[in-house]
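Each of the next two complexes has subunit A plus one more chain, namely subunit B in the first and subunit C in the second.
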Partner chain A sequence: MNGTWLMMNLRAVRGRAYPRLIGLTREPSWMFFEIALPLLTVSAYAYIYKFMAAKPEFVGYVILGGAMTAFWLNVLWAMASQLYWEKETGNLSLFLVAPISRMSILAGMALGGMVGTTIRAISTVFIGVFAFSVVFSLTDPVALVIVFFVTLVALYGMGMMFASLYLLFGREAYHLSNLLTEPVYLASGFYFPVRYLGFWTAAGASIIPITLGLDALRQIFFPSGAQDAFLPIWTEIFVLAILSVAFLILSKFSLDFMERLGRTTGRLTLRWQ
Partner chain B sequence: MKNDLATFKNAAWLGWQMEANWADPFLFATYSIVKPITGTLILVFMFLIVTGGETDKPFFSYMFVGNALYMYVADVMFGVTWVIHDDREHYMTLKNVYIAPINFYAYILGRAAIKIAITSIGVLVTLAFGVLVLNVDIAVGTIDWPLLISSLLLGLACICIIGLALGGITFLTAKHSMGINEGVAGIFYVLSGVIFPISILPTWAQSVSKVLPVTYWMEGVRRGLMPDAISQLNSDAGFDVTALGGFSNAFLMLLLVLSAVLFLVLSLYIFRYADVLARRKGKIDWTTTY
Partner chain C sequence: MELAVETKSLTRVFEPKKKKEGKSVVALDSVDLRIEHGELFGLLGPNGAGKTTLLKILSTLLLPTSGKAYVAGFDVENEFHEVRRRINMVSGGEISGYGLLTVKENLWMFSQFYGIKTKVALERIDQLLELFNLEEKKNEKVRTLSTGQRQKMNVIRGFVTDPEIIFLDEPTLGLDVNASKVIRDYIVDWVSNGKNRTVLLTTHYMAEADQLCDRIAIIDNGKILACDTPDNLKRIVKTNTTFALDVTMLENKDALGVIQGVDKFMFSDDAEKGFTRLKFVLTDESAVSDIVSEIVKSGSKILSLKKTEPTLEDVFIKMVGKGLD
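The block that comes next holds the complex of A and B.
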């Protein structure tokens, strides 16, 4: 590794993050849809909680969960599936012949995706809070920053690993991403506290970083959140930190392996499968 | 007519291949069942957490059946629009379909028919799961078959018709078609009494609900499928909780027919207008790599 190699890869990170960031201003209408669409589901679930006369915090849980769906969808459709789209449009082979690490490309996608998605998620929370008059009370700002950071690193690390697994997919990529939507919303407790799924199910679902991240955020924003929590906040932060490191390492190995396999089987340039 | 039927049949076969041949039959069947059931289980858990497990309450059946039926709205409406998007943007075959000596509506309906068939399996599996595992209040002996079948068919036709209008919009705006589609489906989810009665909505939203055909479709199918649960839901609440309790079955069907006709006229107009505009602007073979 030398300075030139490092600079080249940093440029690759910037270059791949750039379209995601500039895309925010090029299609402002997408921003509208990406904020408004989760709000529709959030509204439906908030009304159902209201109809059942649930604790007011549950509406807040739904708003937080709805905001976090933006990250999960971004990981599925703009990280995991991305290399499949690139293959379909013919860009993948250009990425592969470039003298850079594939990890730089994925890191750029992740960084660009994180920024845009964070803006969308925060907007969803603000509008949701305004529409349903939910009171969020921030109890520990330091924990909030740490939880948010480790959750995103672990989540996008998982996305990078998925991207490598999706590398060889054809139409399966679309169907797999579709399949990983509702089951993950269920297992990770996007719309209800995950502890109610039972300890072992919640523990199993914790492999998806958003499960613990969301659980911790609910404890940070709602004083009574601890009653519905799966694990204490700092335990969740610790597990998320481990997941962050593990997913980043695994994604590197997985990417190398799948690329080798793709080259051997000649599937890296196949289109319209 | 014979030519249209052949187009319909071949389009349905093509749709089936595109939907199903990416995986072996077992994997495809698993995929088709897991997704709807887990989607429904989200609501089931929300209900269980709040009520502590009273699945014999009529509201549980109301919510469960509504969510199962909504699969048609989400999958079929989206599926009709996706035909145009996918054929043009992804497979780049829309222009070939256009210049072929076939009826384009028959082609779209054929592709939609297979969506309806696949979604119907998901709906049936979900309902069976609800009845067998979660005590959803559907008894074969009490089903009002004429009401169920007529409202189901009318509603499905209505959804396909709305999908056609959205497909027309897709001709003109590839980058926004998914957002518009999901937005329309989302509006139906919130405002059509899918998982909660519309009486909980603000008054202005209830007025909008009563214009949407999906509201009457949901009510009609529910009344057909579980007439006792719906009347018990209103009597338990002590007021007209569905906000449609004053409508007789015949009036409900009349409203559904009227809204279906209204949307048919509107959708055909939108589709034809978009079609002419797309031809004029050269958008039939447009690719945006989106």
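The block that comes next holds the complex of A and C.
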């Protein structure tokens, strides 16, 4: 690896991130579909907790979960499925012919997705806080930054790995994303503390980075709900860091495998396969 | 000396996903090609001949089943990173890019995948947009472009990285005359204005191949049937030359038939319009001067003289056994 190679790949990351970032200003309809609509789900859960006279923290958990939903959907529909769509439009061939690491294309998608989705997630939190008068108490800003960072890296690392695997599934990728949407809301505890699913279920669900990320965020923002925590914050940060590295390495391997397989079978450059 | 493209017994067989689903397809069958740096080389063949498969192998998108392929001296199988630094490709009918980006943004984005500095990329993009008469569309979203405008943008995308070797797969497919001309003119200029720039072009259009290419390979069923300059290829079918003359009414025609070098001689009189149409098939082209002298000596006046040349289409039909359409 030399400086020229690094610069070339950094430019590629920036190039691929650009359509995602500029899309925020060019297609404002996302505000309705990705902020207003998810708030309806958040509201439904919030009202259930209110009518049940649950602890006030639970409404806060729901808002946090609603915000993190944006990341999960972005990873499924705009990361994992993306290479498949790129193949259908003919972009994938052009990415493959370019003299860059394929990881920089995925990193560009991830970076663009993270920035765009963070704006959406923060919007959801603000509107949720305003609508339901939830008080967030930030106890440890350093932990917040680290949790948020490792959660996103692990989550988007998983999306990068899925991107290659989805290519192998071809048209079934669409069904796979559908299949992974709702069950993960339950397994990862998007709208309730995951520890109530039992230790082993929560531990199994922790393979999806958002499970531990959400649990840690709940602890950071709502210290009064410490008894709802699954694992201590720093343990979760440690596991998320391991997941980040593991998913990035696995995504590199799956990408190389997919490319080799594609070059052997010829399927990567054929549409509708 | 290192070649721009070289293939040795290059073979590609596509296997069905499951054995029940059909037979293997031999897309390329022991293809041997040698393309020099600086050449504008054409691949001419019908659908399914193996043109696109060959381009995909050379552009590192597909592996050969057997044989070897080298681009700029690098093995496409094992040294594909080096190959990719030196090439670009454009296909006819491409829908690449992102519709919400403008033309200029799309071109800039693709230039970033080749590590080109933004300033340099934007200068090149502006120059190319002007050359392709697309500058007024540079700030329009790609999804608003017509087919021809979009294809011009695709071609610019290929050239904006200034590759050593560019693979163009039917770059003027489905375009109108003007858009095709702009693209063809640019391709010729690009090759002739740069040292060692090489183009490998596939096309359905005989006239395009004839007009653009230094050499042409005719490919069918995965095999190269002939490979030479357009003129040399035409000589394959050029056994006799045909001349057609219109002259004022000619009385004595017998002398024309016995001129040395005349293989066949036909005529028809149009008494109403007052001229005679003569047709000669010559074994020796120089006989035409004797024919002209004989006509003038007989007191007749030549109204028109036309030589009929063999075309690439004649060559193609002779080689492949059928036309392209």
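Here, the second predicted complex is superposed on the first by the 271 of 273 C-alpha atoms of A that agree within 3 Å, B and C clash if a C-alpha of one lies under 4 Å from a C-alpha of the other, contacts with A are read in each partner's own complex, and residues count from 1 in each chain.
In the analysis below, a residue touches a chain if its C-beta (ideal position, glycine included) is under 8 Å from a C-beta of that chain, and two chains touch if they have at least 3 such contacts.
Given the structure is predicted, the values throughout are model-derived calculations rather than measurements.
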Which of subunit B and subunit C A:49 touches, first, second, both or neither: first
Partner touching more residues of subunit A, whether subunit B or subunit C: B
Subunit B versus subunit C as contact partner of A:185, first or second or both or neither: first
First, second, both or neither for A:27, with subunit B first and subunit C second: both
First, second, both or neither for A:15, with subunit B first and subunit C second: second
Contacts of A:175 with subunit B and subunit C, given as first, second, both or neither: first
Touched partner set for A:4, first subunit B, second subunit C, both or neither: second
Contacts of A:94 with subunit B and subunit C, given as first, second, both or neither: second
Which superposed partner A:266 touches (first subunit B, second subunit C, both, neither): second
Partner chain(s) touched by A:36 [first = subunit B, second = subunit C, both, neither]: first
Overlapping contact positions on subunit A, where the subunit C interface meets the subunit B interface: 27, 89
List of subunit A residues in touch with subunit B within their complex: 27, 29-30, 32-34, 36-37, 40-41, 43-45, 47-54, 58, 88-89, 170-172, 175, 178-179, 181-183, 185-186, 190-193, 196-197, 272-273
Touch list for subunit A against partner subunit C, complex: 4, 7-9, 11-12, 14-16, 18-19, 22-23, 26-27, 89-91, 93-100, 105, 262-264, 266, 268-269
Subunit C residues within the subunit A interface of the complex: 14, 56, 59-63, 81, 84-85, 87-89, 91, 94-98, 100-101, 105, 108-116, 141, 157
Of all residues in subunit B, those that touch subunit A in their complex: 18, 22-23, 31, 34-36, 38-39, 41-43, 45-51, 59, 63, 90-91, 175-176, 178-180, 182-183, 186-187, 189-190, 194-197, 200-201, 289
